[in-house]
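Dropping the structures in below, format is C-alpha cells.
Note that chain A is present in both complexes that follow, paired respectively with chain B and with chain C.
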Partner chain A sequence: MALRVLGLNLIKNNINLLQNACRINATSTTQAPYCNQVTVHAAPAAVQKQKVSKAMKAYLERARENDEFMKTQDLDFQIGKRHLANMMGADPETFTQQDIDDAISYLFPSGLFDKRARPAMKSPDEVFPARKAAEFDETGRPFHSMFYTGKPNFFQLLHDIVEETNKLYDLEERMLRRGNKPDENQKIEMAGFQMLPKDQLEVKLVETIADIEYSNFVSSMERLIASPFSYKSKNFIERYLKPLIDQSKQLEVPKPKIDEQGRQYITTYECLRKTARADVTVRMPGTGKININGKDISYFDVEQCREQLLFPLQFSGLLGKVDVEANVAGGGSSGQSGAIRWGIAMSLRSFVDQEMIESMRLAGLLTRDYRRRERKKFGQEGARRKYTWKKR
Partner chain B sequence: MLKRALIYGKFRTNGIYGSFENGTRWSRLMSMYPPHYAEPIFKKDSQNMEKYELAKLSHVPIKAALNSSSDTIFNAELKQKMLAYIVKCGNSRLARELLTKTFEQIKRAQIERKHLVKQDNGHAICIDAEKLLIQAIENSRPLLQLSSIKRGGVKYQVPVPLTSKKSYFYAMKWILDAAKEKDRKISLSSKLAWEILDAAHGQGRVIKKKNDLHRLCENNRAYAHYRWS
Partner chain C sequence: MKMFRKHVGSISRISTQLQRGPPTVGSIAGLSTEAEAAPKQERVDEKITEFRTAITNPGGHSPLQIAKFYTIPAEEKKRIFGGGGLPKQYELQIKTFTEACLMVRSPALELLQYIKQADLSKPVVRYVLYGENGVGKSLTMAHVLHYGALHDFLLVHVPWAPNWMKRPKETANATGQEGFIDLPFDAAAWLVHFKTQNAQLLQKLQLKTSKDYVWSKRESTPTGSLLTELVEHGIARIKYASETIAAVISELKQLSTAGQCKVMVAIDGFNAFFHPETRIFSDNKQRVTPDRITLTQPFLNITNYDWTNGVCILSVDKIAMTEGYMESYMPRYLLGKDGFEHLDPFVPVHVDNYTDKEFTNYISYYVDRFWITKTAPDLEDQLKFMSNKNPYTLMQLVRGL
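The block that comes next holds the complex of A and B.
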C-alpha cells in the first residue's frame, strides 16, 4: 500500500515519516517546488504507536483517499488512451497528448465556440489541481514558521525577495567603497517581460492571494529589479517574470503575386469594420488610381471617409505609387471606409520595410477595429445611459 | 455584476465570457478594447521617441486609429477639439461642414481685407484660417476664475488660477456661445467666422468677456488668501 503525502516540508522536517520514503514520484520533479509529491509507505509500527494528532489522522486519511482516487483516474486515463489509440489505428505506447487531442476532435467534432467547453481528454494531473502538502507533523506542530499567517508560501516568497534586495544593497555598498560600477550591459531588460500574473502566481504558490497582496509582491519585486546590481540575482528574478509576445512580428507578411501585366499585387479578403465587409487589392507600380465598387474616390461623399482611404497610403509614403481596387458591401460610409482603410494598410505591408510596418502598427492602422454597436439594455435609456431618476 | 454579465458584447469571441491573450478572463465583454491595449500614435512626428519606449510598445497591442484621426497637416489638435465642441447629438458630419464653411468665410474676408489695404501692408494680413482660429483661442484664454468659497458663513468670490486644459475649454466655449447668440437668419458659420476674426485681433465680445472676468478677479484679489486658509 502506498500513501501519497504531499509536501517538500515533509522531507526537511519530518524524519519519522520520511525514514520510509522510498522514491520521489517521477512527476514531482516537473512541478512547482511548493507542491512536490512524495510517496511514502504505510507508517511502520514505531510511528503507529506514537501519539498522532486528530488533525494529522484526518489529513493522512484524506491524503490516502486522494491518492487512491488519483490512481484510479490515472488507470482510467491509461485505458482510455489505449482504446483511443486502437480506434485510430496507432501504437498505444507512443500515443502522445497531441495525438489524443487530434483523435478527440476527429471523433467528437464540436461546434461549440469556447474551447474549454469542447470535449477533451487530459491526464488527471492536469484536470485535478495540486493539493497543498501536509503543513504540520503528527503531533500537530506546523513545519513552517509562517504557518499561522495562513499563506506561508506567499509570505516566504516576500521574505525571500526582501532578503535578495538586502543582499544587493550590501553588495552595492561594498562595490561603492571599492569604486566599482555596475555593468550596464548586464542590466535586466524588462521591456519584453511582465511580472507573473496573479493567477499564475497562485498556481505556483498553491495558495490564493488577495489583490493587495499581489500588488505588494509586484512592488517588492520592482524594488528588487530597480537595484543597479539586480543582474546578480537574475535567476531568482526570472522565476517570477513572464515573457511577452513581440507584437510586431506576430503577423506574417504575405509575398506579393504577379498579375498579367507583370505588376505585383496583394489581395486582402475579409476586411471588417462595423457591419461593412470588403476585399481590397493593391497593385504596386501604379498611378494612385482608386476603384471602389467601380467608382473612384467620389464613391464616398463625406470628406472624412475619403481622408480615411488616403490615411495609410499617405502615412507609408506610397500615395500615387500604388493602385487600389476594393469591393465593399454592408454598413454605412464610415464603416465601409474603415474596412477599406484596414485592407489597404494590411496589403501595403508587403510593399514597405519592417520599420514602416512597426510604425503603421503604432499608428493603429494594422489593428482590426472589433468594436461594435453596443445593444440597448432594458430599464435603461440606451447602452449605458439610465433614465432620469424620479423619486415618484 | 450580474447585470453587467448579461450585456451582450463581442470581442473576438461569441460568448459572454472571453479571455485575453495572457490567459486572464474578463466578464465585461463589450464594445470596447481590453484594458491593456495602448492608444495609437497616428502622427508620424510624435513617433520619434526614445528607443526603450519603443521597445516597451513593441510588446503592447495598439488600439485601431479612430475614423476622425489622420496624419495630415489639416488635423491640428485644437481644430479637432473645436470640432468636437461644435458637434450636437453626434452629428459630426454637420459640424465638419460648418467648420469648413467658417474657414471659407474667414479666408474670403481676409482676402478682401488684403486687397483693400495698400500693397506694402498686405503682407501683414494672415489668410490662414486655421492659424487665425488658434490665435483667437489663445487670445481669449482666461487665466483666472472666480470660485465661491464659504468662510465663516459668508461666501466669498475667490480668484483661482485655471489649468491650461480648462482655460482652452473656456476659450472655445465662449467663442462658440458668442457665435450661437445670433439672429435666426444668420448661419452659425458666418457668425463664428466673425467671432474668430474679432478674437484673433484682440477685439470683440469674447475678449471683452475675458477682460471682464480678469477685472472681477482683480477686484476680488483681497480674498485670494481664502484659497488655502
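The block that comes next holds the complex of A and C.
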C-alpha cells in the first residue's frame, strides 16, 4: 500500500529498484503499445542452456525484487482499501478509487495549495512509475532491431510514420492513375487539435527525447497529415493528436433568448476581472442604453473606465444598436469596467458573424484577464519596489 | 484623453485657423438689426442657421431657436461677464474660438418665458436652477442674465458665491457687528462687478439714496446722493465695502418696490450660504458658519419675497458644497432645512444633459470651429457614449492637451 499520509517512504527501501526507472506516469503506460512489462519474454530452449550474461542476471534479479515489492504493495493497498471502506461504512467489494479519494479528503482535510502535495491513497501501479522491460535476452542479444540507436521506441515511431507516408504516396499514385480524387469531406480537421506535446510523447514512448528529435517527429507527422489521402491512416494519426477541449468549447456561441418585449437577449454570468464580479445582459435591438447597477454610464467617473465599455461595442460596430444591463459588485472601478467589458464582448458574439468573432478574439476582447494584484513582499516597499538604499 | 485620442485618432486642434474663422461676431450682429439685408448676406444667414441663430437678443429667442447657438456681442460680454459669470473652462473656450457663443436651451427658454410673463407688481418669484454637475446651470443663468442686461434690469449678480466661503481674499473682523467676519476685498470686487454691469442703467435712472449713511466721523453719504456715489465710496473705502453692499441692496429693494427700477438677482451656488461651515477661521480658531459672514445677510435679504419689481434666479450646485455634503443635486438636500424654508415657495427649473439634437449641434459647432475633425465615421456616437451627453464631460473630452 502506498499511503503517503503515514509518511512511510517505501521508495527509499527500494531505491535501487527505481534507479533506472523512467520518470513517467504509469496511467498512460498501461495503454502504451511499447514493451514496458516487467515480465521477461521466454527465451528459446536452445538459448537457455547457454551461459546467461551478467547484465541479464542483474536485470533478472532486479525484476524479481520489483515484482515482489509490487505484489506486497498491492496487497497492502487492498487491505488499506478494505479498512477504509469499513471506516466509512461502505461495502469493501464495491469501494472504488473515487470513494477512496473522497474518504481521504474527508478524513485528512488539507489546505495545501498544490493538489499533488495533499494526502492521497492510490494503487501502487499509479504511485510507482513503470520501468522499461528487458530489452535483451539472456545471451545479451537485444530484442529490438533499433536497440543500438539508444531510443528504439522513438525511432520505431519515426519509422512507422515514414512507412505510413510512403503507403499514402503509393495510394495517391494509384488513385491518380485511376483518376480518382481524394474525398474532401473526409479530410482530417486539424482545427481544435494539437500535436501531442513533447512531455506526453515521452510518457507514451517511455523514453526521453531531445527537442530536435521532437521537432523531427512533428515535421514528419505534418508531412503525413499534409498528404491528400491522409484520412486513410486516420487511426494512426489520431494516436498522436490531442484535442483542444477548452477552445472548442469557447467557440460555441450561445443562442440568444427572446424577452417579453420580443427582443433578443443574452446574459453572460460570471464576468470576472480582478476581484470584480459582474453579470451582463445585452439586448438587441436597442438604442445604446447602458444600465450599470441602476445608473447610466456616469456610474464610472473615469474616462478610461468608460472607454473599456465603449471598446467592444465600437469594435463590433454595434454602438447604439444594443442595450446593456450589468450588475457588478466587488473590486474597484477599473476591475468592474473590465469585467463588464468582457461580459459585453462575450454576449455580443451572439449578434455578430463568425468573422467578427474571430477578429474580436484577435483583438483580445474574448480573453479573460487573469492578472491579479501582486502581493507586497517583506523587506520591500511594495510588490517590486525596494526601500531606498542608503549606505548607512 | 490620450487614450481616447488613440482610439479615435481624429481629434485635432487647429488654433491658428481661428483667425480666419467663419462669420464674425460683427456680421451676425449686423444681420439682426438690418431687416433689409442684402440677398448675399441672407444666403450666409441660411447657411449658419443649421446650428446658429442670428438673433443675438435673448428676448427674441423662441422654441424655434432651441439647440442653436447665438453669439453674445463682444462689448456686451465684456460688460456683463467681465467680472465673472461664465465658467472658467468655458471662458477659455470662448477665448480660443474668438466668439462668445451660447446655446439656446430649453431650461433658459423656460426661465425667460416665466420672466416675461411674470407680474412684476407681485412679490418676487424665486427660480432655482438645479441639476447634475456640468449640465449647464451657470450658462443657463448667463443666458438669462444677458436677457436681463438688455431689458433694463439692474443686475445683482454673484458669479460664484462659494468663492467667499471657500477662498476669500482677506478676512477681517466686522466693525459694526460683534462676532462677524468681513471680506473687504471680495466685497469691493463685487461692488466693482455691480458697477460695470449696471453703469449705463444707473447713469440713465439716476437713482437716489433714501437715507443718510454715516461711515465714520468724517465720512458719510447723505440722503439723496446717487446710488453710484454710494458704490464708488464702497470701492474707494474697502473697509466699508461690506456695509456698502448691505446699503446698496436695501436701497435697491426699496427703489424697485417703489417702481423706480427693475432688479434681476442672479446668484450662482446659492446653497453655499446655507452650508454648515466655511473655510474661514475666526479669532478663536473656530470655523465660521456662513451666517456669521457680513456678506451673507444682504444676499439672503434680497432673496426674500418682501419686495416687488424683480426676479431672483438662484442656482444650487453640488460643487458649492464640500466633501460629505454632495450626495444629491436636489434643492432640498443642498439647501438644507433652513435654506429651503428661506426660499419656499420657489420655482424649480431642472437643467438636464443635452438632447440628441443639442449634442449633434454642439459637435457641428466644434467641427465648424476646427476644434475637432471627424475622421472616424462614428466619432459622434463614441463621444455621445463617453460623455453621456453631459456638456461639461463633452468639453473635457475634446479639450486641448
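Going forward, the second predicted complex is superposed on the first by the 214 of 392 C-alpha atoms of A that agree within 3 Å, B and C clash if a C-alpha of one lies under 4 Å from a C-alpha of the other, contacts with A are read in each partner's own complex, and residues count from 1 in each chain.
Basically, a residue touches a chain if its C-beta (ideal position, glycine included) is under 8 Å from a C-beta of that chain, and two chains touch if they have at least 3 such contacts.
From a predicted model like this one, the values you see are computed outputs, not experimental measurements.
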item: Comparing the two partners chain B and chain C, which touches a greater set of residues in chain A; value: B
item: Contacts of A:361 with chain B and chain C, given as first, second, both or neither; value: first
item: Partner chain in contact with A:197 - chain B first, chain C second, else both or neither; value: first
item: First (chain B), second (chain C), both or neither touched by A:127; value: neither
item: Touching partner for A:313 - first (chain B), second (chain C), both, neither; value: second
item: Which superposed partner A:297 touches (first chain B, second chain C, both, neither); value: second
item: Touched partner set for A:107, first chain B, second chain C, both or neither; value: neither
item: Contacts of A:79 with chain B and chain C, given as first, second, both or neither; value: neither
item: Which superposed partner A:176 touches (first chain B, second chain C, both, neither); value: neither
item: Touching both chain C and chain B, counted on chain A across the two superposed complexes; value: 303-304, 307, 310-311, 314
item: Contact set on chain A toward chain C in their complex; value: 288, 290, 296-298, 303-304, 306-307, 309-311, 313-314, 317, 319-320
item: Residues of chain C touching chain A in the complex; value: 1, 3-4, 7, 132, 378, 381-382, 384-386, 388, 390, 397
item: Touching residues (chain side chain B, partner chain A) in the complex; value: 3, 6-15, 17, 21-24, 30-33, 40-42, 44, 47, 52, 55-65, 67-72, 92-93, 96, 100
item: Chain A to chain B touching residues, read off their complex; value: 113-114, 191-192, 194, 197, 199-200, 242, 244-248, 302-304, 307-308, 310-311, 314-315, 334, 337-338, 342, 358-359, 361-365, 367-375, 377, 383
